[in-house]
Amino acid sequence: MQEVNNFTPNIVAFCCNWCSYAGADLAGSSRLSYPANVKIIRVPCSCRVNPMFVLKAFQQGADGVILCGCHPGDCHYVTGNYYTRRRMSLLFSFLNYMGIEKERTRVEWVSAAEGAKFSEVMNDFVAKVTALGENKRLQDLRVKEE
Amino acid sequence: MQKIGVFICWCGSNIAATVDVVRVAEEIKREPGVVYSADYQYMCSENGQQLIKNAIKEYGLTGIVIGSCSPRMHEATFRKAAESVGLNPYMVEVANLREQVSWIHKDKEEATEKALILVRTAIAKVRLNAPLKEGESPVVKRALVIGGGIAGIQAALDIAEAGYPVDIVEKNATIGGRMAQLDKTFPTLDCSACILTPKMVDCAQNEKIDILSYSEIEEVKGYVGNFSVKIRKKARYVDETKCTGCKICMTKCPSKKGLDEFNMNLKTRTAIHIPFAQAIPNVAVIDPEQCLKLKTGKCGICQKFCGAGAIDYTMKDSFIERQYGAIVVATGFKPIDLTAFNEYGYADNKDVVTSLELERLMNAAGPTNGVLLRPSDMTHPKVITFIQCVGSRDVSGCGKPYCSKICCMYTAKHAMLIREKYPDTEVHVFYIDVRTPGKNYDEFYRRAVEQYNVDYIKGMVGKVYNENGKLMVQGSDLLNNEQIVIPSDLVVLATAIEPEPSVRKIATLLTASIDTNNFLNESHPKLRPVESPTAGVYLAGVCQGPKDIPETVSQASACAAKVIGLLAKDKLKTNPCVASSNEMMCNGCSQCANVCAYGAITYVDKEFRLGGGKTEIRRVASVNPAVCQGCGACTVTCPSGAMDLSGFSSKQIMSEVEAICKK
Amino acid sequence: MTRQDTLENIVRISGTDAKKCMKCGKCDGRCPAYNDMDVKPHQFVNYVAEGKLEKLLASHAIWNCLSCMACVERCPRGVAPQGVIEAVRDTVIRMQGNNGIKAEEIPPIVDEMIPQQLLVSAYRKYNK
Amino acid sequence: MSELEKRIIEKAATLLAGGEIKRVVGWKKGEFIHDPSPATFETEESLKDFIYNDFCGANLSKYLIDIFKREGKTAVFLKPCDSYSFNQLVKEHRIKRENVYVVGIECHGKLANYKVEEKGITGITSEAHEGENVVFDTLYGKVTASREEVLLDRCLTCKGKKHVVADETVIINDYEDKVSDRFAMVRELEAMTAEERFAFWQGQLSKCIRCNACRNVCPACSCLKCVFDNPQSGIAAKANDDTFEEQLFHVIRAFHVSGRCTDCGECSRVCPQHIPLHLLNRKFIKDIDSLYGEYQAGEEAEGKTPLTSYTESDTEPNNVFTVTEGK
Amino acid sequence: MKICYYPGCTLKTKAKELDRYARLSAEALGVTMEEIENWQCCGAVYPTARDEIATKLSAVRALDYAKHNGGKLLTLCSACHNVIKRVNDDMTNDENIRTKANNYLALDEAYAGETQVIHYLEMLRDIVGFDAIKEKVVNPIGKKIGAYYGCLLLRPGKVMAFDNPENPTIIEDFLQAIGATPVKYPMRNECCGAYVALKNENLPKERSKAIVKNAESHGAEMLVTACPLCLYNIQKNGGMPVVYFTELLAEALGVK
């Protein structure tokens, strides 16, 4: 138990430039805190997030990966997040199939006005990943023979 | 080898109170590639910018990272500063140390650690940045307006007023659209023709405006600033340049049984005709389905009588191709088909009419010369019942799920006009809700109830059946919890409106996005309501959503302002952060084009050298940088990784991920 | 069954989502038995939406609904008032001793010509 | 020589003799009858090496990507399941349909060499199926094996006898489509805990020797240049930093072919370590079917794939598990 | 051609003419109606409650029989048609009902809506063809006749898919074919009062009168129907002659 409590997960958050990155900025300017272990990468649209990036994060030691984009229907690029939704649905389900706990992956739609939601989502996500502990599975998917 | 400079901003105490900025600047010096690192109170200030500029010059920096507020705040400032001393503006990256660090964290140690990671991440990215150059594309200073109704007319007049040439392409033989068919307009009750026809004449007389009537869009190529449009001029069998509009042909034509579309088929017309008296252009057209000469080869009377020699039975469709900088879509609407609503008896009873038909029955230029007579026996109807929401708000599959927006107001208008002109008439209106948001709108409706004694019944009609010469309107009165039957002489259906069906083809040609109801999508429902997501395409009137005349005119003028703003530029700067395909790796599989919302990707067969003097032709994707908006959807879809996005390349993002995850 | 269970069962077997109703009254406008309905078709839908079970169970209209589907056919919102009425009627007759037609009531109204179809459907509709 | 094989070779000869067809793509005899390999035949004489038996599992579609570019028309023999791959490649503009003459041929399921070997059957000289059994003539005498035990895994859940594309077919014996549940194993895995699943995959993928056979044979893995070989992709292996690619090769590959994989099963057939790679692809197929409606890649030669289309009411990624875990 | 036929109880008792004339006419038109074996009463009304399974089983049995005997099931009585067609729709589209019904019946092969249910009028229109009937008419019916559809053939429109539920024309077209003058009147798809006759006599009385009054006002001399219950209610309360459409057909074809 002691160990789990001390564990601080490393979280990679991909935020689209138009809604969610602005939402994160609003969370900041409203001083709505969320854990420091969430680090944001800015992308033009959630649809720029290649599943490879998510895999790379896990393989490099991230404990959770979250994508944030405009609400479906509000995409700055009209349809980008609809593709995100399908790609990530399939990717998350697949990672779960490979044995990666489903709580480690998430997509949230956060608009530029939803600073509070951004902060809530991050707090919640960090709490869930913290409870799971360290992710090693995608680092050890293949065990080399001795 | 890159030479990177790092500049950590205190933002007064905004960052410095929580982040040990001095330590960050110090530690970052040890990062590979970093040759300069400094901290300063306000990097965005004149002095701060000077510090950056000096360092760039002094150390020959090839890339810089600013640790400051959100890039949404000052990225542009720092880019400009860099550019002013010769560093490509896209070699600047910002680490967000304020909104993402100091403002949300309290623990200084923790915040400083995170700041370091964010700065390292930005360094990792900037190492892979490449200088980018904004592209330029020329602007053709001419606009195209598709649709010659009030929306198209207003947009064209405003654009022409600013000095730019405009073409109006109208599929019918005259401009004027639906508004020309209306009798009076709400909420002022002024005559529709009186306010519309002067504008039509203005269009005709404005030398900047070219009206291409009886024409349709055939093909669209190009992109914002530079569209190339092929227009089909349908054969009207009358030479526009010769016809004087004398109408002698109409008096002589023996084929008189054609249905008069302008009068909602309530009247007949001759095969050669001018749609209505004030038509623009005032030129006849021959209906080839009806003309005896064209169908049987026998007749030719109009040609004989035409003093101007304008009739040409051998005329064929012709095509013209023109260039435009911007396109306004203003294709308008039509009432829906009522086949699925026969509980109201529309198919079997001439005296069950749509509201648009009633407009013609009340119009001085209409089939009854403005005297309200019912179509079946040309008598005065004494009891008139209006039914609202016919086909609107209907999710059963027979109608339209949306509110048609204009029906409540025009029904109040009709009721009032009838009570005004024929006080002995009894008028009932079945309604579900009366929706009157708009200046002086509710007041207008209340006048109908309070001043004109129109009987508004909250309820809906279940069936209209005729019995002994009366139309029995059986409906509910929800406030009294009763079922009532009103024996009526005329029943008017406030029929739902839908976008003119041809808009779907036009949307496809323009790659403009369209919703399931055939309304064109705006780029942003609140903030970009007149722009289509396709750059250079603007939306006016009902093609974008149900709206009345005042709203349509406002939107048309807004479109014009946007078009004028675009045409005023000589060149368009294009965002350099766009996708591009590496031809050496592209499979030509079309996956990327499938997800491009802008139609920016096309395919070309290109010849490649294989070595040994051999060549091979391969199909490869080609991105038009002027059209690409840089979302990156294509990059993920591309199986081979040939497609990449400048400024947000796969390698850059991967290295950011690595920098964040590094423990 | 608790009150809540009964209500939920009515919602379930009615096959209709009362929240879709936009309260236009078209069902009332169409109903051929309207004057014999103490609870009107739109009220059935409304009572279900508002959970007014007692009013539903007490209605006499359940015996007068003709199941003619006129209210269902052209409801603009795809709601089925008849479905609700039938669900309520079934709920009532499935309760002990609540058959809608008693054996002793039948003879006087049966005549020579009455088709089987009428008797069978009446039994199906009114009795358990 | 079976009647079917005879007819197919005759067909090849007729096509070559016709003049318009410059070459046919088929299978060539190896040293034994159980090691045929894909080959191109340009003359009628060369057809003496042509073979078609139950060891001809190889899917010939992928070879067309290069071959169709040669001068003149190419004919190819496709088994029903191969025809899906062919169609998918046409859809992706990798094969020009008009340059290829497709002959659909009969298939009753192909044999897995390693399963035959594991049963100790070697030195095979001929083979024929009799009901539910396969009878082998070997140098050491007759051996009978149950088909269930020696068929390729993919053939145990056959897609059916339909050719989705064919200019003509050579089919002698009509037969019933077997209805089988190809997702049974996927479901079994889904029913496990995340930990168990991880253990399963760790066990399987650790066997991989990175020989790239799966990638080389896969008709969907037909990129001009694979991302793993493209330094700009950010995932290509560099000498000292190969962990990412090393660890996630199969995961990335499965995602890359998702929505395009026709479930032809070649990956598993050629894997020297017998890793059930098709179970990766089938997970995607199963999820696509249940989330976005049934979709069979290669069924149509036109249109969008599930990953390049969308609806406004698609399931949210966070809710996807309730659907895809089959609960 | 031969076609599986489901007569129903009423056609064996009070509505024998409806059945008899239908068979005679069909033979004259080259169609043999083969009564299916061991049919049971369809239940006369379709139960709309989503949890009613048992009351749908007899229809499923008939449908399953037809599935193995030509794939089509011909109906004549409007009530039977309504019940069987709607049950068939459930078996096609409602997984819950399909599973449960199949579990009850334990057929060799599950039934999933494979049979096509066609009403006699649809057979006349789609299989025989009204033009073909026209050619075989020997006694044109020279009367002004109103078609009375009632509810059961038409509604619910999406399931019955019989004709435009608010503006049907099939019986009018039929009348035209047998040499009658069809009278189109708007109340032709209104309910006659149906089974409520047993509970509230007044309601069918009013409904039937309203329908007849409307038909009269449009000049009808008599009504035709396909439904024994409609015939009963209208005959009892309406005061206008009403006959089964098959009787007129038989008369026109000279086989009455």
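Every chain is named by a letter (A, B, C, D and E) in the order it is written, and numbering of its residues begins at 1.
The rule is simple: contacts are C-beta pairs under 8 Å (C-beta built on N, C-alpha and C of every residue); 3 or more make two chains touch, one makes a residue touch a chain.
Keep in mind that what you see is a predicted model, and the values were worked out from it rather than measured.
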Chain connectivity with subunit B absent, coordinates unchanged: A, D | C, E
Subunit B and subunit A - chains in contact with each: D
Chains in simultaneous contact with subunit C and subunit D: B
By C-alpha centres, the chain nearest the middle of everything shown is B
Which chain has its C-alpha centroid at the greatest distance from the C-alpha centroid of subunit A? E
Averaging over Cα atoms per chain, report the distance between subunit B and subunit E in Å. 51
Separation of subunit C from subunit E, taking each centre as the mean of its C-alpha atoms, in whole Å: 24
As a quick test, compute the distance in whole Å between the mean CA positions of subunit B and subunit D. 47
Listed in rising order, subunit A residues that touch 2 or more other chains are 51-52, 56, 60, 79, 83, 87
Note: subunit E residues in touch with at least two other chains are 166, 190
Multi-chain touching residues of subunit B, meaning two or more other chains, are 341, 343, 397, 463, 595, 637, 650, 653-654
Throw together a list of every chain pair that touches. A-B, A-D, B-C, B-D, B-E, C-E
Touching residues (chain side subunit E, partner subunit B) in the complex: 158, 164, 166-167, 184-187, 190, 213-214, 217-218
For subunit B, which residues are in contact with subunit C within the complex? 341, 343, 389, 393-399, 430, 432, 458-463, 474-478, 481, 483
Show me the residue ranges of subunit A that touch subunit D in the complex, using the header's touch definition. 51-52, 55-56, 59-60, 72-73, 79, 82-83, 85-102, 105-108, 137-145
Tell me, which parts of subunit E touch subunit C in their complex? 8-10, 13-15, 41, 43-45, 47-52, 55, 77, 79, 151, 154-157, 165-166, 190-191, 193-203, 207, 227-229, 231-232, 235-236
For a test of understanding, state which residues of subunit B touch subunit E in their complex under the given definition. 339-343, 345, 347-348, 397, 463-468
